[in-house]
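Presented sequentially are two complexes of chain A, the first with chain B as partner and the second with chain C.
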Partner chain A sequence: MPTLTIDGKPVEVEKGTSILEAAQKLGVYIPRYCYHPKLSVSGNCRMCLVEVEKAPKLLTACSTEAAEGMVVRTVSDKVKAARRDVLEYLLINHPLDCPICDQAGECGLQNYYMDYSLAKSRFKNEDKVRRQKRRALGPHLVLDNERCILCTRCVRFCAEVTKTAELEVMGRGDHSHIDMKEGKALDNGYSLNIADICPVGAWTSRDFRFKQRVWFLKKTPTICLGCATGCLIEAHHNENTIYRTVPLPNPETNTWLCDHGRLAYKAVQGGDRLVKGVIKNGLIDFEPALREVAARIDEARGAGAVAVLGSPWLSIEDNAALARLAKDALKTENYCFDFASEQGIKDGILINKDPSPNANGLRLVKDAHGGISQAELSSRIAAGQIKVVLAEARAAGLIKDALKAAGTRLIVFAANKGEIPAATYATLPYASYFETPGTFVNYQGLRRRTTPPAEAPEGVKPLWAVVNKLAAYSGSSLRLDSAEDALKGIDLK
Partner chain B sequence: MPFKFTEDFKARAEKICAKYPRRDAALIPLLHEMQKEAGYVAEEGMDALALLLGLPYSRVKAVVTFYTMFNREPVGKYHLQVCRNISCHMAGAEGLLTRLRSRLGIAEGETTKDGLFTLSAVECLGACGSAPVMQVNEKYFENLNDEKLDALLEDMKHGRVQR
Partner chain C sequence: MENILLKDNVAEIEAYFAAGGYKPLKKALGLKPAEVIEEVKKSNLRGRGGAGFPCGLKWSFIPKDAEGPRYLVCNADEGEPGTFKDRELILKNPHALIEGMAIAGYAIGAGHGYIYIRGEFAEETELLQRSISAARAKGFLGKNILGSGFNFEIFTHRGAGAYICGEETALLESLEGFKGQPRLKPPFPAIKGLFGSPTVINNVETLAAVPAIIANGGDWYAAIGNGKSAGTKLFCVSGPVNKPGVFELPLGVSFRELLEKSCGGLKPGKILKAVIPGGSSTPVLTADEAMAVKLDYESLAAAGSMLGSGAVIVIDESQCMVKLLQVLAHFYHHESCGQCTPCREGCGWIERIMNRFEEGRADRKDIDTLYSVADGMLGRTICPLADAMAMPVMSFIKKFRAEFEAHADGKTCAKK
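Moving on, here comes the complex of A and B:
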């Protein structure tokens, strides 16, 4: 365990730690472009140069191992001059198109220039090397080689994380540029991470381009519900519109984010969003739709022919509300919160075998409220004992064939029109988890709660609130005034 | 037509690969072999080579584009490779290049219509002591100036310079 001194402060680190990481431990920030904690060390950008006593030259902090007795200075005159010079080099051919660059505001070149340089360039503007701009590479990314500083983070990401190795630095010297096979698309399922790790504006997201200046964005940490992995993400939003989501790196679950999960936010505010009720195929206002649903439930209720189905796509709160509806308001035993799920990382990176985010949370609801097994529910449906099934759309999709065969009326909750199974009798909208808090348990058993970055469209309520109203129509009160009320009686451990 | 290595090439490739502890280390020697065979390294050839060595295509392409001695298109009878690095540059390589451009009517990377000359600007040829240097195919011509260059061009046009 070597002990070294950085800017006069001693620090003890594990053997093999770099100076940059040792400094980080002390809270000393060393600027960097090519270094990324989850990628191999390249040492090509030279931004992290520091002065080490007895070393004849400045050393790169990212690739120099901390050694016993090392005396490191990160803010000496020599280091400051080196940073200024490195920035001058990096900016020689930079197009300075910040006014039209999406990276502006979160750009490594802008930030470090303000922090470490503020020097005027000695190179003529018209002598800059021109390269191809605005080149769409794949469905998600645009490459601007003029802005690139050749840090090779993208190259290493494709080689080491996705192991697809599409990208390379082609050419040499002044001709060096990032490129890939002609005619191929950069689409490896994780490609948008490249836009995140690019320290400059060379890689930008096609989805986010020109939508919003980054300094207008507010940031809300929440979770991705794209699969059972349950990655931590940060939603960037402004004036009730989400513009993008980015990963929130954490040691437990994720450093990156898959493209599917990253773009899942789009469903919430796209044209496919359900903001009204649907009876058969006609859109109607929420209240009449709710009355219609309540009437159909009431019809079947007397004969004990209503069933409620939980969903691994819903939060613990909403599932618990559904369980309470069945148990306490409809007073039926036909409710099922039993879902088989096979979980585990499918591709060795992040994507889970289980596409639903809350199978483990659903188990907690089942433990607290009981209910019949899925096989039992299926046999009761097949036997014609069930006339009406109330369920979340995607969970209902799993049993829709059985329902159709038995002629059972299906009533679903859906956030998007695309989720509604064919031959659904009635659909009620509910607030998505970008709009209302919900608790989820991921495949590792980690319980996490969403923080809503946006508000639900007018008239759309959280599912527990819709359930509360339905119970009132059935003549009993569940007394659900908040999501927390629904959680009562559930052992969250 | 899809690119295919000849059986003869494959046999040679295996021999070359066997010289190295890792298969992918044979990349540059094999690129030289390919160039010797066809005069250039074809795009489809890179695909096939990547497959042969278990490398990603991008890696092969990166190496081919890094080194100026690999041609990516067929070259003329005489491949004029003028060094553009610092010693040659200071000794007048830029002037030689300009002269060649105007005399041959082509830019760097192009071939004359008669298929006689291809002009390239290349990285250091390792002969700084006798700058400026031009390599023609495999042969060096050193301490060049305008007169020497003109004479050399005449000789080549009349086939007096061996390939």
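Moving on, here comes the complex of A and C:
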């Protein structure tokens, strides 16, 4: 374990640690463009040059291994001059189109210029190097090669993380540019990470472009519910609108985020969002829809012909509320919180075999409230014993064959019109987990709670609250005043 | 003294053999590899490609206990402007290179040697391939060489025209089939080189000197030359001299002697202005500095320049230093691989400033800008290409500032 001194402070690090990482351990920040902790070291940007005693030249902190007794200086005059020079070189051919660049406000060139340069431009009368601008590459990205500083993070990401290697630096010298390899398309399922790791405005997200200045964005850490992996994310939003989600790198679960999960937020604020009830195919206000649902349930409950189905797409709170509705209000045995789930990363990166985010949380609800198996429920439906099934929209898909055969009335909770199964009798809207807190357990058994970055559309309530009201129509009180109330009796371990 | 490298009438294997060729290989194969390395260390032979690193020491860096293959690579990608010695050496004495490679291969435990040769050298490649076939036919290459149990094959690989591929790690990338861009060091090629295996990369001239060293002993070679700069060196002289060309002379020979004796002096009416002593990337010397300097590693370093590849570019008073630097700037701008920021952006910036000087659009402030742009590149990149651009810029301005000022003030060149 070598011990070295950085800016006068001693630090002991594992063998093989770079100077940059050793400095990080001390809280000393060394500026960098090409270095990324999860990509191979390239050493091309030369921004992280530091002075090492006895070394004749400045050394790149990213690629130089910390050694016993090394004396490193990160803020000497020589280092400061080198940083100023690198920034000057990077900026001479940069288009300086910050006013129309989405990266402005979170740009490596802007930030480092303020921190390490503030020099006046000496580049005059000369034509800048011109490169291709605004080129759409793949379904999610736009490339502006004039803004590019050729750090090659994008090239290495595609080569090392997705292993699809679509990108390459073509050309030589100052006409080098990022381009696609022949016969490839930039649609590897993780392509939007490229916009994240691009330190400048060369790669921008087609989804986010021109939607919002980044300095207006508020940032709320939450979790992605795109699959059982349960990545930590940060939602960027302003005035009740989410503009993008980005990964919140953490050692447990994720550095990156898949495109599917990243764009999942769009479902809750697109035109497809359900803000009213639906009876057959007609939209009606929430209250009359709820009354209609309650009436249909009342009809069937006397004969014990109502069933409630939990869902791995719902939070523990909302599932528990459904369980309480079945047990304590409808007083039926026909409820099921039993789902088979095969979990594990299926693509070697992040995407899980289980597309639902909460199969493990559902198990906790089943442990607390019991219920019948899915096979048993299906067979009771198929046998015609069930007249009304209450379910979350996507979970209803799991028993759709049984439903079709039996002609059972299906009542679902849905956040989006697109989720509603065909031949649904009635649909009630509920607040998504971008709008209400919910607890989920990912494939690793990590229990995490969403933090809502936005409010639900007017009149749309959390599912537990809808259930609470439904119970009241059936003459029972579940006493659910908050999401936490629903958690009573559940052993969260 | 007699030439060690540049010999006449030894290009064919029979003539080479008759002159004592391939006897050193036999001798080397009778020694232990470590003994061969020891002999080369004793000779003080240093890298002739430009950096001057001790050859025997380089060979000894190959890890003794490394598993898997080891490689020997001959850098014949002669690209430094002003340099044309390796070409001459290959044409005149190809078997010295082949024999040198076989000995080096034996010393470092390599089974394969690659000659990475400049793409333009088509005729030379053909000659080398013919010579390699001839050597194989005689049992100097191939399996069980001279009954020693040592196997060694040599392959030629033509470059595709990039100057940067003369940098040893860019050369390895190119040889592996990738884009020629220098690698980060460490790891050095001796640990992780060609195809990830321990590799020694030597210049043509370095390897071609090895047979004579084995034949006559390291001490014999070390006695030639000037102290730590041992042996002979090929000097490529270009410019307005009566007899330009390649000359083999002991290291430490004075520039005056090279100019006056070997090259027959300057052409009539020409007055010496400056000399670039070691290829276009080395700092320029004024006439006075040049006439006082000895041509060896230490003496040229003391004079503020470098021996480099031994390409001596003679510049006379009729030449415009600003125009000359513009030509160099164009070359380095064109050849920068584009990997490191300072080189990629700086070389282009320098060329554009030089264009302004030549077009009468520069002012005196541009001289300082030019100097500081070069200064910002120096020593801050993965490979020395940025230095190769920066060193001439800085030395031209330091030593010939008046010419830059004249361009800035008069907006034109007085030489035109």
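Side notes on the structure shown:
To be clear about the criterion, the second predicted complex is superposed on the first by the 487 of 493 C-alpha atoms of A that agree within 3 Å, B and C clash if a C-alpha of one lies under 4 Å from a C-alpha of the other, contacts with A are read in each partner's own complex, and residues count from 1 in each chain.
Following the convention adopted for this analysis, contacts are C-beta pairs under 8 Å (C-beta built on N, C-alpha and C of every residue); 3 or more make two chains touch, one makes a residue touch a chain.
Model, not experiment: these values are computed from the prediction.
In the three-chain model built by superposing on chain A, chain B clashes with chain C.
When the two complexes are overlaid on their common chain A, residue A:Met180 makes contact with chain B while staying clear of chain C. When the two structures are aligned on the shared chain, A:Leu150 is found in touch with chain C, with no touch to chain B. Judged by the touch definition given at the top, the superposed model places A:Arg172 against both chain B and chain C. Applying the stated contact rule after C-alpha superposition, one finds that A:Ile349 touches neither chain B nor chain C.
Contacts of A:Cys258 after superposition: neither chain B nor chain C is touched.
When both complexes are overlaid on chain A, the residue A:Ile242 reaches neither chain B nor chain C. Number of chain A residues touched is higher for C, counting chain B against chain C.
For chain C, the stretch among 20-28, 74-82, 146-154 or 182-190 that collides with chain B in the superposed model is 74-82. Overlaid on A, the two complexes show chain B and chain C touching the same residues of chain A, namely 169, 171-173, 175. The touching residues of chain A, counted against chain B in their complex, run 159, 164-173, 175, 179-182.
For chain B in complex with chain A, the residues that touch the partner chain are 43, 56-59, 61-62, 65-68, 123. Chain contact summary for the complex, chain A toward chain C: residues 41-47, 49, 56-58, 60, 63, 65, 81-82, 85-86, 88-90, 92-93, 122-123, 125-127, 129, 149-150, 169, 171-176. By the touch criterion stated above, chain C contacts chain A in their complex at residues 162, 179, 184, 186, 333-342, 344-349, 352-353, 356, 361, 369, 376-377, 379-382.
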